[in-house]
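The structure appears below as structure tokens.
Order of writing sets the labels: A, B, C and D. Residues in every chain begin at 1.
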Amino acid sequence: MKTTLKANAVWLGVMILGFVVIDAAEFAGLVNTFIENMLVTIGINVILATGLNLIIGFSGQFSLGHAGFMAIGAYATGIITQSIATPLGFYLSMIVGIFVAIIAALIVGIPTLRLRGDYLAIATMGAAEIIRILINNLKITNGAAGLFNIPALASWATVYTIMCVTTIVTVNFIHSRGGRAVMSVREDEIAAEAMGINTTRWKLAAFVFGAATAAIGGSLHAAYIQTIAPSDFNIMASIAILIIVVLGGVGSITGTFVAAIVLGALDTILQNFGTLRMIIYSLALILIMIFKPTGLLGNWELSFKRLNHHKEVSAHE
Amino acid sequence: MSNRLLDAQHLVKNFGGLTAVSDVSVHFDQNELVGLIGPNGAGKTTLFNLLTGVTPISSGAITLATDQGVQTLNGQRPAQIAQAGLSRTFQNIRLFKDLTVLDNVRIAMTNHYHETFFGSIFRTPAFYRTEAAMTTAAQNLLGIFDLTTVADQPAKNLPYGIQRRLEIVRALATKPKLLFLDEPAAGMNPEETADLTRLIRQIQHDFHITIVLIEHDMSLVMTVVERLYVLEHGALLAAGTPAEIQKNPAVIKAYLGDETTC
Amino acid sequence: MQTIGQQLINGLSLGSIYALLALGYTMVYGIIKLINFAHGDIYMLGAFWGYYVINVLHVNFIVALLSAMVFCALVGVVIEAIAYRPLRHSPRITALITAIGVSFLLENGMSYLFTANTRNFPQVIKTVTWHFAGMRISNIQVLILVTACLLMLILELIIKKTKMGKAMRAVSVDPTAAQLVGINLNHTISFTFALGSAMAGAAGVLIGLYYNSIDPLMGMTPGIKAFVAAVIGGIGSVPGASLGGFIIGLLETAVQAIGLSAYKDAVVYVVLIVILLVLPAGIFGKNVKEKV
Amino acid sequence: MKKWEQTTIKLTALATIAMTLAGCSTAKSSTSQGNNPGKTIKIGVNMELSGSAAGYGNQEKQGIQLAVNQINKNGGIKVGSTKKKIQLVIRDNKTANTTAASVAAQLVNNDKVVAVVGPAATNAGTASIPNMTKAAVPSVSPSATDPGYTLQKGGTVQPYIFRACYQNNFQGSSAAKFVTKTLKAKRVAILTDNSSDYGTGLTKAFKQAYTGTVASSQTFQEGDKDFNAILTSLKHKKVDAIYAPGYYSELGLIIKQARQAGINVPIIGSDGMADAKLAKIAGNHNATNVYYTTPFSTKSGATNPTAANFLKAFQAKYQTTAPTFSALAYDSVYMIKAAIENEKSANSVKIADGLAKLKNFKGVTGTITMNKKHNPEKSIVVEKLTQGIVKQTYNVQ
């Protein structure tokens, strides 16, 4: 128990240190708007990919509809902060977004989660497209033109903090009774059922959880970029998040962080390559997958608890 | 009749046009050790699947005696049946391979410990208490079956025999009234089988539960079980004590006939 | 009545295009369970190949069609050998990401080399429109419809009657067992990719000719639609892919005909989800239960 | 009890830190003085060079490069007494809004450009606005058409955001006027590109200004290739004309399939159609009785020397007729040049001032005066295609 607390303290320290470092860099002028943009994009991608990793990597359900739930969060913020342009309005809109996304996830998940593998992927992709098409044709969402002039209510600090909080919450969930039940579904659905695990329920729990984090990511996206349009949330957007999850390692939250940072940095650096950027990006993608088929980190997790444990063991020897 | 635990009447299972189980009636009493034998393809595993809800029955009735009286298990999902007190192992080991031995056991305890979602994501004191209780219980169970040393290893890294044992421990962790073991000795050498025999007896004695096992190893079956069901071609061929079964002409014919064709 | 008849023709001709593309998807998926995301882009390559051989080498239509099929078959085999083969024993999701990478590469590579502009496809066959009973159908529509059905039949024959087809079916059921009985896994998979990609090549030239407009991103949307078609029909099944293609074609046409064009794709996806809920493996798909 | 305490402490600490961190990062809100030029005048290009709008983005890039080459050949831009050459910094935003914002930030902060041309699409443009405004660097979009693009939330103008094209309301209502007055169409069908603000915005404006009956209003998506179903359903609606705002890639196919289906009524579109490829895709004999509103006519060379010069230079450099997107992008560069020369300074804030004050600027796409909302006021013409060739131009009052 002591090691747990110690590890938690270390984690908290790391998070605060990260914040202080970025803040200092910003103050010293090392981080300008450009770098800040990159960091925020990485942060939002971490939030989105962590949620998707919970669905794909931990519950083993292949969802390709993450952008649909992201859209719900983004539009909730876009619409609500038009009339309540205060931080309070922003958090309110985020909560509304989460709530709507949860309802949508239940509507989508209850029937489709009984499908398996690629069939589930294609069904969730369809569901996300339906959400996008609805947004594209509704008046309140301003149709294809999207919403712009969304008040800038999310700074990089907001994104950073919320990224930390969602990661903590997700990791905590994984390391709990519920998280283990979710993983047992991934490992062997039949055996899990035979052990009394209501697999439908836990699959749905993971799916809804993921959808809620997607809505948070979307909400932050809307408030930081200040422009949203239905085309931001198409199939390719879902795939972009999937790529982060798989590249980092399915089932590794640490991997998700690493992949989001690597891809975010790569994308930014490739901005200097003009039209070649997407060619280099796709080649990088293919090569990483061929040489690291289980992703950059596989299912390895960074754990201060284990690190500490190792240290103690070696100290005793 | 008072100690009747599970009663299955006139079970039928059709797969398309094929009848895998036809009109089989079996019953298991409290703290009994029953064997289920029969040639390959006789429908033994299918019968297990029907009883544990993995495959739905085509017709028939399954009832379980509980504290609240006799309950029907017809149409229940496997998870509900497991929660009602029926647990099992699988012919082709189905552990949660990438998870640790400890987690395998803790997952089976899911329904006996309650953690709120809020508690687990915000780590309330109640969460830590439940988590600690759960871990202690799991470790105790692992201790009983000499698995403490491998508790932190992924299940897939264990040797075959230990995996079989872990699967039994995992099934026990659900606190079952009735434990179905599907060919627990498959692939074991005589020494391991002897260990297993002791283990099964110990479980029956220490946990006061009913055990039903499918087994091909006749030495194991005949030494350990109190009662036997013999299946052939999806139908019940005979029932009785090991001694009775060994003398049963129909069974001898079925088994000898089987051998001559080999 | 005439309008309905005409819409039926519209739907069938649109459906035949999806069917043509869905055939390649279904074959590749059937054998290695990979959603070959790059399939739509191979179709694009076929169209561009046709464009260049007709414009530069001035070949006739048949030569363009056949050479595009050969070219795409080669491309398919090369892609499989380089990008998918090393991942045969990796998690399937890894291969999927690689397929997406290949798709990006083809799209952007082509944009880079030949610009992203839309081009008009040389009209080597003069469009002739036949009118009957107030309805009209063009020779190219008929050509596509007939080709789609013909290719479907040929594929079905290859799979059911030839030795290679038998090998393909064996690999699709159990690659390891197929290898044990002496089937060359690499050859069989390469052959499947060649066949599927050749279908895409043919589709590229035909559709290029029909719509008269090609661009490097032309494979994206039809690619996804064709995959949906293959799933509806039961992925892995050749007649299923065709049926799925026709269902989507007719459905899109019907939705547009009643004036709901904005929800065209939404309706397709709703139908997809409903079909999957009723038939979890599509219309002709076999729902394989896991053995316990 | 100790565990309990520690947990509580941890939770409280976490909550406090979260709140404070979210609330107060080191705010740095000094008003930027804008960027200044070095030896050269750096102009950034934030453009859709890959992704779904790459076709249009690349045409704009060609127009920009042509303009910059010409200017540099003539010694550059006169800033006060010296002449400085233009250095282009071209970056691809891959038709993604987030990337457009990032590209804008890189251009203004790292490359220190004094003005930006782009992005092509409204949404990519609006995503870039915060970063442009923060750095006080003006941007001129050749083709962001949403009426709200240059405006802030309350309706006040965005100080650093300009465009070279019409806004949708003007173009859409002009088309409505043309359809009513010149074509005398009483019943129209509308076919809208529903995948961006462009088509939907034009349709909205058209519907508001049009006095006749809209018999049918259907939509299509970017990348669609088959319009037979919609056209068949239109055939019996007895319309006098079809209004179809969108881009040439889809419109070419609509025209082709409409004519093949025997629908021969006039088809009226917008400047997204003004491209030689339209007739190529539709087929010359189909591209008859086709009209579109455009700021710039390939025929205008006769009356507008700037346009004549541009058309000739474009043809010489790229061996193709200049499309509208290239013309608009070309004008965007020259508008920046005019602003610099008028202000006698290439400081980015000054350029913005100059752009806002732009008056009677002689561009390829007409004589431009920047209005209070940073929209260029210029005349609009309607071109008519017959057998794929511009045979006639109309002025719209």
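The rule we apply is simple: a contact is a pair of C-beta atoms (placed from the backbone, for glycine too) under 8 Å apart; a residue touches a chain by one contact, two chains touch by 3 or more.
Owing to the predicted nature of the structure, the values given are computational and were not obtained by experimental measurement.
Minimum number of contact steps separating subunit A from subunit C: 1. Comparing chain C-alpha centroids with the centroid of the full set of protein C-alpha atoms picks out A as the closest.
Farthest from subunit C, judged by the mean position of CA atoms in each chain, is B.
Centres computed as Cα averages put subunit A at a distance of 40 Å from subunit B. Our note on geometry: subunit B versus subunit D, Cα centroid distance of 70 Å, whole angstroms.
Distance between subunit C and subunit D, defined via averaged C-alpha coordinates, is recorded as 35 Å.
Remark: subunit A and subunit D have CA centroids separated by 33 Å (rounded to whole angstrom).
Residue positions of subunit B touching 2 or more other chains, listed in rising order: 54, 90, 122-123, 128.
Those residues of subunit C in touch with two or more other chains are numbered 108, 111, 262, 265, 292.
Touching two or more other chains at once are residues 1, 136-137, 168, 190, 275, 278 of subunit A. Those residues of subunit C that touch subunit D in the complex are listed here as 3, 6-7, 10-11, 13-14, 17, 108, 111, 115-120, 123, 127, 129, 136, 138, 207, 211-213, 215, 217-218, 220-222, 252-254, 256-259, 261-262, 264-265.
Residues of subunit A touching subunit D in their complex: 1, 5, 8-9, 12, 16, 19, 23, 26-27, 32-34, 36-38, 41, 82, 136-137, 143-146, 148-149, 151-152, 155-158, 160-162, 164-165, 168, 221, 225-229, 231-232, 267-268, 271-272, 274-275, 277-278. By the touch criterion given at the top, residues 29, 33, 35, 83, 86-87, 90-98, 100-105, 107-109, 111-112, 224, 227-228, 231, 235, 262-263, 265-266, 268-270, 272-273, 276-277, 280-282, 290, 292 of subunit C touch subunit A in their complex.
If you check the complex, the residues on subunit C that touch subunit B are 292. Those residues of subunit B lying in contact with subunit C across their complex are 45, 49, 54-55, 90-91.
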